[in-house]
Structure formats: structure tokens, C-alpha cells
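Heads up, the thing below is written out as C-alpha cells.
To keep things simple, chains are lettered A, B and C as they appear, and every chain counts its residues starting from 1.
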Amino acid sequence: MSRRSWWHTALLALAGVVLALVILVPFGFAVSASLQTESQLIERPPPLVPPSPTIDNYRYVFTGQVPEAYKQRALLRGSVTQEARVLPKGLRNSFLVALGVVLVNLTFGTLASYTFARQRFRGKQAAFGFILASRLLPTMAVAIPIFEILRQLDLLDSKLGLVAIYSAFTLPFTIWVLTLYFRSLPPEMEEAARVDGCTRFGALRYVALPLAAPGLAAVGAFSFLFSYSEFLFALFTTSTTHAKTIPVMISAISVNPDASYTLVAVGIVMSIAAPVLFALVFRRYITSGLVASLTRR
Amino acid sequence: MQNTWVGRQPARALLVLWLVAGVAAVAAVGATARTTSASTVDLKFQVWSYSIPTIQSNIKRFQTLYPGVKVNLSDTSWFDYHDVMATKFTGGSAPDIAYSSDHWLREWVAANWIAPLDKYFPQFKQYQKEWAPYAREGMTLDGHLYGLPYYADLIDFLYNADQVKQAGFNGAPKTWDDVRKISLALKQKNIVQYPLNIPLKKDDPWLIEIFYAMVYGNGGHMFDKNDNPVFNKPGSAAEKMLQWLQNARTKWKILDPAGPESAEPDVVKTMGGGHSTFTVLAKYNLAELNLGQHKEAGHFKLALMPGTTHSTVGFVRFYAMTANASKRGSDVTKSVGKFLQYFGGKTGGKYAVEKRWALEKGLGFANLPLYNDPQIKKAINKWGSVPLEQSQAKLAHVKEGLTPFWGVWDISAREQLDKAILGQESPRAALKNMADRWNQLKKQYKR
Amino acid sequence: MATSNAAAHRARVRPRRPGGRIAARLYAWGTLTPVLVFVALFTLFPFFYALVTSLHRYVLTIPGKPYVGLGNYRTALSDAMVHSSARTSLIFIAAAVPLVTVLGLGVAVLLNQRVKGFGILLVLVLLPWSVPTVSAGIMWRLLLHGDFGAIDGFLYRFHAIDSYVQWLSGSKLALMSVILVHAWREFPLPVILFLAGLQTIPPELTEAARLDRASAWQRFRWVTLPLLKAPLLIVLVYETIVAISVFDVVYVLTGGGPGSATTLYSWYTYTVTFKFLDLGMGAAMSFLMAAVLFVFILLYMRIVRLREAEA
């Protein structure tokens, strides 16, 4: 590669810095807002950096200790909405639901994908087409009937109900990606194992699965992020802290007249911390999974 | 910077991690499955998300009093409450007791979602005489009582008395023209850029009640006795008010242009920060403005609704028994009766829950005798004024035109009001569109 | 590793049974059935339910559910708000899709340069896409609000503006803000796709062009871009699908206002279904949207297959 001129490199570096700022500044703002009191935030202009950062808002969410700044009051109402105290529960619900969906995807999704990738049988194309085509349905149209199904199954306002909906929504994608992935693996080794008398499940379990692990990590990451963030169905099928996920909770808190915007910011930070960490850890799998699913083969 | 699949070893470890985590999740989901005991009556109670821990503590007190009843609380955001409840009622997962509002009373009765209380609990009728008229009307339909009050309040004109004084004026504005004059002075003296601030955000349900209040203040009406629109008559009080609002925004530039992106809390915070002087909001916001953590806290006052008659909207939010509960047998309805009695009525001769809301959260109440309670008086006078509040309450009326389709009409009405205020439509055209939509819905619901 | 695995587990190996054909079929359907049942329950049933609903007058608050044939579709197609929301959606798509694509391409090209420290950018670029839209939307509302937004505060502090700008209150400005927030959340995906495409281009090609004294733009236009045709088409179609069905951003940012400035078709479908409680009409509107989506998805499938043929 030939040398770049110094100004060319400087220009690129500048563009890189701008990009980093565009991505990070909103997050930085949310973190900074969560560390202040509301009256500072409402000032014109607000301070660039919190003059006296405090973790009182977080302490309130986790322990219920009302921040110093709000204590001089005759009423209990006001900027420390009690609803913020349930955020940790929402976080927990989001996590459990997302992990449940991941589990369903990795077990049933993997089994089905391997069959699609390696076996020839009548009805295969139809089954594959059916699963993929199910992604075409606009969610708005199926919202009411799905509500009806959950009621029949007595799964309204339950994490299990959410796991079921999200699994149905993520499985087609999972199966697509994994089928492509299994197909891209050289079949010789599995064939050898089969010739040696290994069962189909055995070939999947001991030969194909280890090779496909990165693909599994990718679909796992996707189903996790999707389920963690989904809003419309969580809004309509959950009604108590038993099952409400974090997006539903913070959207309600953000319009609560008692919520200080610093507490709303705490909610934002709490809700994005997990997916941000997740994206950082699983970046490679997400990246390659996306590429594979949308373009490959 | 490579984009290849990474090595298999760590990937495999991750896979195991996935599986373990997933199994743990499912186990946890299973472990937290709800358990119910057979001997008690279970009641489902649905509210909008406001002060859940206070409600839970009320429930706890109630359950200590009545050990045979167990109350399970659910909540949904106020913005989505109407939509989510409709889904629940028609989807067969109706609660036994639910918050409702005068907005929706007719809709819910027409759809047979809630049951008339007087049929099951004739003793509740005695409470009626203590209620403010707008609260009573808001819970009554065709002679039947459908609720006991959670809280009742007024749409009030609130202002920053300090800033008005700085602008060189004494006392509150009496008419909307006064508001214009003071606002122009505030602008000119560089005290506030946009003195008037009203929540116009499309999904904020308050706008329609605020507009009603402004029209009432000028002695106007929105609908006649037969629920036919009168707001669309050329030269109506509604048209004048809407024209005034459009001028305030586009001509005089005294109405905060951020209104369309502001919901109730945004306006309260902007007022508290001293960036606006006047607003029209539910009265309880005055408590927040004067006692909350705001730069201008303590400077805010209540004034009679500007205009000629100074009338305003009085509204009520109430506890309703659902049709679902009434079908569950006498054990359940009896328990619902106990619940309603405790939450919306008297226990030991006292309005325990309604008083608590007033003391702790500054919410208004339907039961006027509470004004004689020294504790309440003291609490209100810390952030407001009992005499002024009472005189405004005397001038308050229930919203007109509360038909089964009012809630649906409201969605379109708010959009039209927004368009007129922004200057995208003439007030007359907007009001005509609102009337057209009304008549279209009327036809649709008649079938 | 795989080979050793297979070898290690040879102990478990059983001799092949006769009648393996039937066993194979049993195994195949055994593994597919759970998924098929699941997907059918949550898509096939709702699909027909919604289809039937769309042929009835079904308003939650009006008793009765008479059959009206294509009445709901006719009403939808002649409804002024449906027209105006479809127009708004068209503007949204026409602005958001090219914006996201160009942004994605630009950032991908940038990240493909070998500059020290760009590795970290590659890590960061996924973040906007990974967080819940609701959280991102609320965050942006606090940043953009015309009374106390941090962006206004920043511009005001450095005298770039004399008074606060109402990013979400003017009709055009509000739609633009919604588009920008949408783009902020969506651009990482195209970046990844384009980057993958760029990395398959052999460096010799651009090097040869360089030796021919082609300018940077010429090299990009005539060497790089043609090779990115497939990802480009995929991004365009995929982002169109996303833009047609966008919902959460509008929900938290504007609620469809001011007036009807940001009432996209998908948002209006939500309003009709959940706020007007007119399920019949809402279902009809969903199916109209699905028809448009279907065309784009067919297009998408074709392109992907085209790519398969090329590879």
C-alpha cells in the first residue's frame, strides 16, 4: 500500500472523530443527565459537564433512599417518581425473557436448520418457504389475534408468553442464518461420521455443532437483542411488574408527571447498559452473522 | 480489522454459556410462577401508572382490614390506558376494578364493560350529595352511578406571580387579552421569551380538556344538550379562542413554539425553570410547581380561568366495577363493594384514601366536606389557596358531549387543534373538520 | 477438533439400521415439527384471523361484527388521512433510505482505510443499533426538546443560535428530526454490509487504478462501487422495508404530531387499530401495507438469489 499524505490522514482522522462523537455524544448526555439534579438540566443553557455529579438518582432506584436535593418538601409527590423503583424488576424481566428466547432459538432452531441444510425429503422446500414467509406479516395486523392466543393459553402478563411471541418472531431469521451456515460447512466429515454409524443427531451434535458455534453465537445475540428491545407486544400483553420489560417501563416513566428527567435518564442508562455491553462482547458474531444472513450464498 | 468467523474454541465456550444461561432463565421463569390460595377472594385491580407504591400501601391497609380479600394490582401508562383497557375488555382479560374517567364513562357503559354500582350497592348513593357537581355528573349516566372517586380536579390557570410583577403588572390576568398584554410586556422586558405554555403534544390527552376550559372561561360551549357540536358555528367562543391561540403562536409570538413537542411534565418543568409564565393545566401541578425542585418554586399562583364567566372544566377519575366482576358471583361483588367503600368512600366516617392522595400528592377531591378538614386546608395552603380553589370549583362544569365515541373523536380533535394553532389551517376549517369527524362517528356508532 | 471429536465419539456409534429412509423422514419431521407448530400458531392463525377481521366491520366499542366484504379496504383507500399518511411515509422513505445508505457507505469506506485507532470505531459503530429504540428515542427527545434540549443548550452556549430551536415542533423540522434519529439508529447495519463487501475487493484492483493515475473519486466510482452493487441493492431494499414499518421512533418522539406532520402510514395503522379501536379497518390497512412490503421482499429475495448466482 502506498503512503498517504499527512493531510489525507488528518482528514480521515477528523472524520473518524466526528463519527465517534455522533455515536457517543447522545449516550454521554444520558449518562451525564443521570448524574445531576433536574434544575440543572432545565437551565438555559444546561452545564456542559455536571458541576457536582451525584449517584443519588441511582441509589434511589436501587435502595429507595430519596436524593438529598428533593428532601425539602411538604408533599411526597414531585420529581422522584416511585415508579423508578421498579426499573430493576423490568431489567430482570427483559433479561429472563431474552435468555428464554435465546434458548428456544438455539435448541429448536438448530435442530430444524440442520435438517434443512443436510437432508432431502419431500415437503422440505414448502416447510422452509413457510417459515421464511412468516416474517412477512406486519406485526400490527397480528397484534390482536396474538393477544387472543395468549389469553387462551393463559399466558397474558407472563414472561413465558413474551418468550413464545418473540421466539415465533425470531425463529425464521435464526433458521435462515443457521441453514445457510450449516450448508457452508464441508459435508465430508459428517458423512464420514454417518458412514461410521453415527446417528443424524450424533453427526449434528459432535461434528457440525462445534463447527457452527460462531453462527449459533450470532443468532443467539440477535434473538437476545430483539427480545430485550421489543416494545409493541410487551406493551399490550403485560400489565404488572411480574412481566413488564424495561422498554415498557421507561416509556411509561417518561410521561409520568412525577418523573424528573434525571430519573428518566437513569432509566435510559440502565436499559442501554446491557445491550451496549452485549454488542461490544458479541460484535464479531453479530457482524459476521448479519453479513451471512443478508448477503451470503 | 478482520471480518472472519473467529476461532472455534471460545465460540464453543460461549455456546455452552448460552445454554446454561437459557436453562437458568427458564428455571427462573418457572420458579416465579404465581400461586393462589383457594380460601380468599382474588380481585384484579387495574390502574394507570401513577404512584404505584402508594396504591400498594393502600391495598395493604385494605387487606389488613379485610383479610378475606386479595387484591392484585396491574398498571399501564396513562398515555396508553384507554387503548390497553379496550384490548383487555374485549380480549376477555378484564380486571374486576379499574380506574376510569369521565371521558370514557359512556363508551365503557355502551360497550357493557362496567356495571352500575347503585344496582349492587345502593348504599353508595348517599355519598353523592357530598360530591362536587362535576364529579357527580362525571360518574353518573342515565341515573345510574358507575364509580366512586379516585380524585377530582379542575383545569386551572396557573401563573408565575413574580414574573408578572417584574413585568409591571399587579395581580392575575382576568381576560385572555390581559394575558396577551402582560405577555408582550414580559417579552419586551426580556424576562421571558414565550410567556404562555400549553402542552400540545399529540399523544398527550390533556389538550382537549384544556381547550374546553378555555372555551368555558369565555362562557362558550362545545356541544348542545343533544350532543350536537356548537363549536363549529362561525363566531363561536371556540372559534374565537382558537383564533386567539393561533395569533398567540404566529402573530404575537407569546405561545411557546415548543408546545407541540411538550406533554404535561415538559410544560411543568419549563415553567419551573422560569422559561414560561402562564399555563393552563390540572390543578395538582400547582403543588408540584411550588413545592418541587424548581428554580421558580414558590412563585406560582392560581387564578380564575381568564375570560368572561371564568368557568372551567371540572373532571373526575374514578374506581369502576367491571361487568366481568359483576358476573363472578356475590362473593366477588361483595368484596368489590368493600374495596370501593375503602378506596372511594368512607371508612370509619373518614375518606381515608382520597384524603391521603390530597395530602401526599396534592390531588383534588370530589368530596367537598374535605375542605373543612384542617389538615387538608393546611396542606393546600402551602402550595395554593383554599378560597380561590373553592371559588373556581363553584364555576366548574363537566365536559360536554361525552358520548360513547368521544374518546375516539378526541384523538382527531387534538390533531385539528394542533394544526390550527400552528397556523396550518384556519380555526374555522379545523373546527369544521372536528365537527365532520363527530358527525361521521355519530353515524358509525348509531348502526 | 471436529475430526478428533468424531473419532472420540466413535464409541457411541451404532450400526446402521435397515429402513433408514423412514427413520430419516421421521427425524426430519421430528426436528421440524416444534418450529412449524410454533410459527404456525403465531403467524398462520393470526394471519387468517386478521384477514377475516379485515372483511368485517369490527369496532371494539360498537356491538356486532357484520360482514362487509371489501368495505374496509374501500374506506381505507378513499380515506383522506390514509392518503396523507401514505404521502408522509413516502417522504420518510425517500429521505431516510438514501440517507441511511449513503451514511452507511461513507462510514464503511472510512473505516476501511487503514488508520491507527479505527479499530475502536468498528466496535462503537454497532452501539446505536443495539439499544432499544424506545430508550434511544427518549434519549433523543431530551436532546432535541425545544425548551430544555441539550442540543439547543450547546448551540446557544456557543452562540450558534440566538434562541432555542424547536426541532420537533415545526412540521418539516419534526419530520426531519424523526428521519435523523431513525438514521442514527439504522446506519450501523449498512456499514457492516458495505464493509464486508469492501473487504472482498482485492487491493490489487484499486492499486492498479492508482497506478493508472485515477483520482480517489474515480477509483471509488469505477472500481469500488460496481463491486458493491449487490450489498447496495440489498441495503436499499432492506432499509425500505424497515422504513415502511417504522413505529417505535414515532411513538416516543412525536406521537405523530405536530398536527399530522409525522403521522406515517404505519403509525396511522396503529392509531386506527388501537386508538380508534377500529380493528376491521386497521387490519385492512395492515394488509395494504403487507402488499407493498411483499413486493419489496420479492425484490429482495431476487437480489439475494442474484448474488448467490454471482458467487
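What we mean here is this: a contact is a pair of C-beta atoms (placed from the backbone, for glycine too) under 8 Å apart; a residue touches a chain by one contact, two chains touch by 3 or more.
Note that the structure is a prediction, hence the values are computed from the model and not measured.
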Determine the set of chains touching chain B that also touch chain C. A
Of the chain pairs A-B and A-C, which one is connected by the greater count of C-beta contacts? A-C
From chain A, which chain is the farthest off, judged by mean CA positions? B
Taking the mean of the CA coordinates per chain, how far is chain B from chain C in Å? 36
Cα centre of chain A to Cα centre of chain B, whole Å, reads 33
Chain A-chain C separation of Cα centroids, rounded to whole Å: 15
Per-residue multi-chain contacts in chain B, two or more chains: 3, 8, 80, 87, 204, 269-270, 273, 275
Chain A residues touching 2+ other chains are 42-44, 144, 148, 210-211, 236, 251, 261, 287, 291
Hey, what residues on chain C touch two or more of the other chains? 1, 114, 118, 122, 141, 148, 164, 196, 274
Which of the residues in chain C end up touching chain A in this complex? 1-3, 5-6, 8-10, 12-16, 24-25, 27-29, 31-32, 34-36, 38-47, 49-50, 53, 107, 110, 113-115, 117-118, 120-136, 138-143, 148, 150, 152-154, 156-157, 164, 184, 189, 192-193, 196-197, 203, 207, 210, 230-231, 234, 238, 245, 247-248, 251-252, 266, 269-270, 273-274, 279, 282-283, 286-287, 289-290, 293-294, 297, 304, 307-308, 311
Contacting residues of chain A [partner chain B, same complex]: 37-39, 42-44, 69-70, 73-79, 81-83, 85-86, 95-97, 99-100, 102-104, 106, 144, 147-148, 151, 156-157, 159-160, 163, 209-211, 213-217, 220, 235-236, 239-240, 242, 248, 251-253, 255-261, 284-285, 287-288, 291
Could you please specify the touching residues of chain B with respect to chain A in the complex? 3-6, 8, 11-12, 14-15, 18-19, 21-26, 28-29, 32, 34, 46, 49-54, 72-80, 84, 87-88, 91-93, 204, 263-265, 268-270, 272-273, 275, 284-285, 287-288, 291-295, 359-362, 379, 382-383
Which of the residues in chain B end up touching chain C in this complex? 1, 3, 8-9, 80, 82-83, 86-87, 89-90, 107, 110-112, 193, 197, 200-204, 256-262, 266, 269-270, 273, 275-276, 404-405, 408, 411, 415, 418-419, 422, 424, 444-445, 447
Parts of chain C lying in touch with chain B, wherever the complex brings them together: 1, 57, 59-64, 111, 114, 118-119, 122, 141, 144-148, 163-164, 166-171, 174, 195-196, 199, 254-260, 271, 274-277
